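Shared between the two complexes below is subunit A, which pairs with subunit B and subunit C, respectively.
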Partner chain A sequence: MARNSHEKRTERQLLLVLLPSLILLLAFVIYPALYSVYLSFTNEALTGAAALRPRFVGIRNYVRLFNDAKFWNSLFVTFVFVMGSAVIGQFVLGLISAMALRRPIRFRQFFSSIILLPNAAPEVVAGFMWISMLAGGEHATLSRIVAFFGIDPADWLNAFPLSMIIIVNTWRGIATAMILLTAGLSTIPSEIYEAARMDGATPSQMFRRITLPLMMPTILLYMLISAVSTIAVFGLVYALTRGGPGGATEVVSIYIYNQSFTAFQLGYGAAVAVVALIISLILGIGYVRAMKVEV
Partner chain B sequence: MKKTVIGGLCAILLSAVSTLAHAETIRIANHGQAGIDAMKSTVERIEKKYGVTVEVVEYPAPDKDYLTKLLTELGAGNAPDLFSIPTTAAVADMVEAGYLAPVTTEFKAWDGYANLYDVAKQLAVSPDGETYVMPFMLGIQEIYYRKDVLEKAGISTEQPKTWQELLDRAAEVKQKTGSYGLLFPAGVSWGSGAFDEGFQHLIVGSKTPQLVDADGKLDLNGEGVKDVFNVYKTLIDKDLMPVQPLLGPEPWVVPKYEMFPAGKLAATTCGSWCYIFDWGRESKNPIPDVTKIVGTWTVPGQSGGQYVLANLAAPWAVNSKSANVELAKKALMEIGSVATQVSYAARIGNIPASKDAAKDPEFQKLTELVPIHAAAGNGVFLKQASGFGTVAEGVARATEALLRKETDAAGAQKILVDYVKETLGDDMVK
Partner chain C sequence: MAVISPSEGANKTRSDLIAYATLSIISIFCAVPFFWVLLASFDGNAQLFLRWPEQWTLANYARVFTKEDGAKWLFNSLFVVGGATLIVMVLAGLGGYALSRTRAWWKLPFLYAILLIRVLPPTALVVPLYKFLLTLNNAEGALLRPIFGSYARDIMRWTGFIDGYLGIMLVLATMQLPLGLWIMKTFFDGLPRDYEEAAVMDGATMMQRIRRVLIPLAMPGLAAAGLFAFMSAWGDFLLPLIFLSSPELQTLPLGLFRAFLRINEIDYGLLTALAFIYLLPAVVAFGFARRFLVQTFSGGVKG
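And now, the complex of A and B:
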């Protein structure tokens, strides 16, 4: 009986400790999310008559959204952006960096610092920095570099907009990938590699048969984090291209911004945000299931 | 413990006193150092005359970001008491949203009212018949061309009479000098400029010169709209207009501040501010003797006529939810003073809306602007209507598709119509 009362008291104390976090979560995550869902069923706007007298419009925003070619374009651009920068770029380069820096090499700390550097710059600052790199004309940094190899200067952000934002986001995300994957690599006991080496396994066989399978939970966790966070990338793309030219880099976060704060249609923007949230949730659930984690 | 309590009480008292001391504070939004500098003496005058504190809050540039921040704050109910509106196209929509306090009575009773140009008074009246803005400055726009470049190449500097003549002149420039012949601001990055500084010039001289019918519906399917987009298409297809810079994040920088001063762009639409801000004494890349080297043409109509576009240059308005609307209205009238107009003209290059400015010795020193001011009453303009902000964005999208050679004139018109219908609903468009 005494033990029960002690447990209840501990439980209450724990709840009390968690209460501030719960309140913050409710105020800044749950309430805005629910409010967005509510907004998505209205014609709320930042300007015009709908700003003064918004009204309930049922599923009109969702019907419009599914018939809106620009929305589908933004989903497609987001898919390419996530695949290119998060899944292929950051993961592959992050894994290579993690494996390379695991070996005993000279100036290891120096190389680690270089890889971590991109994370030191805020998204928008990094974006502006890359604009100067990728600007058009013969005096721009990248144009001067390629001119050294006999390639004509180009206006890189306009000529290859999606590829460029993929490269920049990959550059920014390598450090996170490397840190997570290094942590994963460190959990694999070195004895396994030694045993495989004694059995005559080649480095490629060791990578395919040992490293990859044992790293799978870490890889899936990384994929979950990077895919969801890449869907939400805004500042970098906004600073670089604002979604242009011609919608070529209008990822879903930029599309939401454009609808809400350029066209000033908050209701419609909220509907897009709700759909993006559902897509992120489905993706998240998929990864969690793949990781075989109980939820 | 006792000390802590006393300290706390003192802090509360101080905070209360400080709140009371600032009870008569008005907040005004301004953006860009030139605008803030231009308002400095006005701010001091308001503070002295009404015994208030004026807090100037710097808002972001470019105009598109400024408008977004302003509308967001107005929507949230925490916007400044007084603010400028970066594009005239947004005024009617802001009125409909209930953000602006009507100032018709105060405006008409104001001693500067009688001396305003009629065009300024007309532009200030909203579709509901009320006035909500102080139309203190006018943007008077024409085509600015490099006289020296044309003369050197033996190209006529005579006023082109029709769109075709204008296009032919641009083609001749390209052929004889290799420079781009003519620029109309276009594309999404240029924001409202694609409409205010580009599309408007041509539509007023087209077969369908207004975008609003008598019922206030947007008439975007007119023949003139397609014809205007066709002018863009010709300029782009024949490589008479620089396209690549317009697709970048700051599209005005290369053509306006680099190519034109270097003579690599021979003509561009611009306003009087170009003589001061873009290529004149306030420019980072000035053209020496700018008024002699850079001449102006009016914009020809499709088949004749001459058009000088008049806009309200960032008119000021009072927040309808201001804690002190009456005081803000008084401050608004001060902003309309000739002294403020001249101060703005000197730093930004817009034209004072008051005829009285001509008598001001400080204004007389602005020799570039004096003749434009004298002719300001002849400006033409588009009738404003609810939804114009959306039309401006639609024009930006349509012209961007043209810049990217993704469509033709009819396709660009469809992009505009579809965008406006999608955003505002089918019933808003005729």
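And now, the complex of A and C:
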């Protein structure tokens, strides 16, 4: 009985030290998330009549959203951006790096340090570096590199905006993919490869029959993490193109920002935000369930 | 296998060569963009494109601190991000401990809930967050003005929620808190309870246990949580963009961004020097964090 009451007191104390974190998360994350749902049903604005007396407008924002070509465009651009940079670019280059670094070659530390470097660059700095790389004219770095292969210089960021931000975001995230996939690769026992080699399996057979199937849980987890974090990318795209030219790189986070702080339509921006929240939550639930499998 | 057949040896060399070649190409892809910032910042006549400086100079760096507000931006960034990091370390330390030692029914649901919080895109939260902080800010102003009169504005610069150090610190800290809590929870899970139980036997209070026993033991975990909080908050651009507007509170990413938006001639020497100064702490922190990275991206979020 005495022990029981002691345990209860300890529990209460533990709850008490968790409280400050709980308050911050409730106030600055949960409440804003719920508040954005409420905002999305109003005509709240930063300036004008609606700023003084916001009204409840029901699902009007969502109806408008449904018929808004720019909104569908931003969803499409986000989809291509996530697929191109996270699901394909970072994954393929990260997997190649992880597999190559598994071999006992020299300069491993050196190579992995260089590959980690882009991940350390703050978004804005990464953006400026690539503005220089992709600038128009024959002097720019990329133009000089492709001239080596006989390709004409171009104003890369304006000519191929979406492809370029995909390349830049791929560059930035190779390290994340490499680290996660290295961890996944290290769980595959080398005896399996030995046995397969004895049976005369070719490297490509071993990759398809052993590496890929055994890596599937890790790959799935990586896909979920990278998709969620790529949807949230803002600063990198903002520094590079600010969504332009003509909405070609207007990912959802840029569209929310533009609607809310450039067009001042907080209610409508909130409706877009709610859609982004729902998509992230759906992917997030998948991520949490994948984690539970590992627990 | 003791004896390697000749053909297998040749195979091994060939695949090593392929590994070297692919790693070299990926490394070049990763490294080249950095060269412009590095070289142009020492170039007396820096351009938007990569080139070897004709005249090497430190003048760009000098200008960041003399003609521009570089020193102020650097201070603001270090102060705000440092403060946020400290908040994360303290709160994640306490909360992580609670999450590790409690057996309450809400523990697992709570842990997965904060994992979900981590996936919410900050862009989707900033508008309501801005409105909420504005309300808090107005309330604070209304409270302080009658008491402190004209000094209230100076006090608000430090304790305000919008355009004040406190607000941006708390917001940055909150965004990093879920990961911090997970790191610390996992870390405390790995610490044996013997020390604490011995302290309990000696009649130590909870606070004494934390201060004398747990904090010294928790240092490596706190360092990891702090490093990750610092790296993310240091690189963040969106939150300072929304919550800080007065010039004297600008942080490095904002100063950098505004330097690039100048309508007249852009001063690339100045811009790259600023970028390099901003880049350096991030790279150093990343170097330290390397050994924690694997656990955090994969294992760190294991219950």
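The criterion applied here is as follows: the second predicted complex is superposed on the first by the 268 of 295 C-alpha atoms of A that agree within 3 Å, B and C clash if a C-alpha of one lies under 4 Å from a C-alpha of the other, contacts with A are read in each partner's own complex, and residues count from 1 in each chain.
Note that a residue touches a chain if its C-beta (ideal position, glycine included) is under 8 Å from a C-beta of that chain, and two chains touch if they have at least 3 such contacts.
Please read all numbers here as calculations on a predicted model, not as lab measurements.
**Q** According to the stated criteria, A:I131 is in contact with first (subunit B), second (subunit C), both, or neither; which is it?
**A** both
**Q** So in the superposed three-chain picture, is A:V228 touching just subunit B, just subunit C, both, or none of them (first/second/both/neither)?
**A** After superposition on chain A, A:V228 lies in contact with subunit C alone.
**Q** What's your read, subunit B or subunit C touching more residues of subunit A?
**A** C
**Q** Quick one: classify A:P245 as touching subunit B (first), subunit C (second), both or neither.
**A** first
**Q** Could you tell me if A:I192 is touching subunit B, subunit C, both of them or neither one (first, second, both, neither)?
**A** neither
**Q** Does the superposition put A:L180 against subunit B (first), subunit C (second), both, or neither?
**A** Only subunit C is touched by A:L180; subunit B is not.
**Q** When the two structures are overlaid on chain A, which partner does A:D68 contact: first (subunit B), second (subunit C), both, or neither?
**A** After superposing on A, A:D68 lies in contact with subunit B but is clear of subunit C.
**Q** Quick one: is A:M206 in contact with subunit B, with subunit C, with both, or with neither? Answer first, second, both or neither.
**A** neither
**Q** Once chain A of both complexes is superposed, is A:E123 in touch with subunit B (first), subunit C (second), both, or neither?
**A** After superposition on chain A, A:E123 lies in contact with subunit C alone.
**Q** Determine where on subunit A the residues touched by subunit B overlap those touched by subunit C, and list them.
**A** 131, 135, 261
**Q** Hey, which residues of subunit C end up touching subunit A in the complex?
**A** 15-16, 18-20, 22-23, 26-27, 29-34, 36-37, 40, 47-51, 91-92, 94-95, 97-99, 101-104, 112, 114-129, 131-132, 170-171, 173-175, 177-178, 181, 206, 210, 231, 234-238, 242, 253, 256-257, 260, 271-272, 275, 278-279, 282-283, 285-286, 290, 293-294, 297-299, 301-303
**Q** Using the touch definition from the top, list the residues of subunit A that touch subunit C in their complex.
**A** 10-11, 13-15, 17-18, 20-22, 24-25, 27-33, 35-36, 39, 93, 96-97, 100-101, 103, 105, 111, 114-126, 128-133, 135, 137, 139-141, 171, 174, 176, 179-180, 182-184, 203, 218, 221, 225, 228, 231-232, 234-235, 238-239, 252-253, 256-257, 260-261, 266, 269-270, 273-274, 276-277, 280-281, 283-285, 287-288, 291-292, 294-295
**Q** Help me check something: in the complex, which residues belonging to subunit A touch subunit B?
**A** 45-49, 51-52, 64, 68, 131, 135-136, 155, 157-158, 240-242, 244-246, 261-265
**Q** Show which residues of subunit B lie in contact with subunit A when the two form their complex.
**A** Touching subunit A: residues 64, 68, 71-72, 74-75, 90, 93-94, 96-99, 187-189, 244-245, 247-249, 386-387, 389-390, 393, 400-401, 403-404, 406, 422-424 of subunit B.
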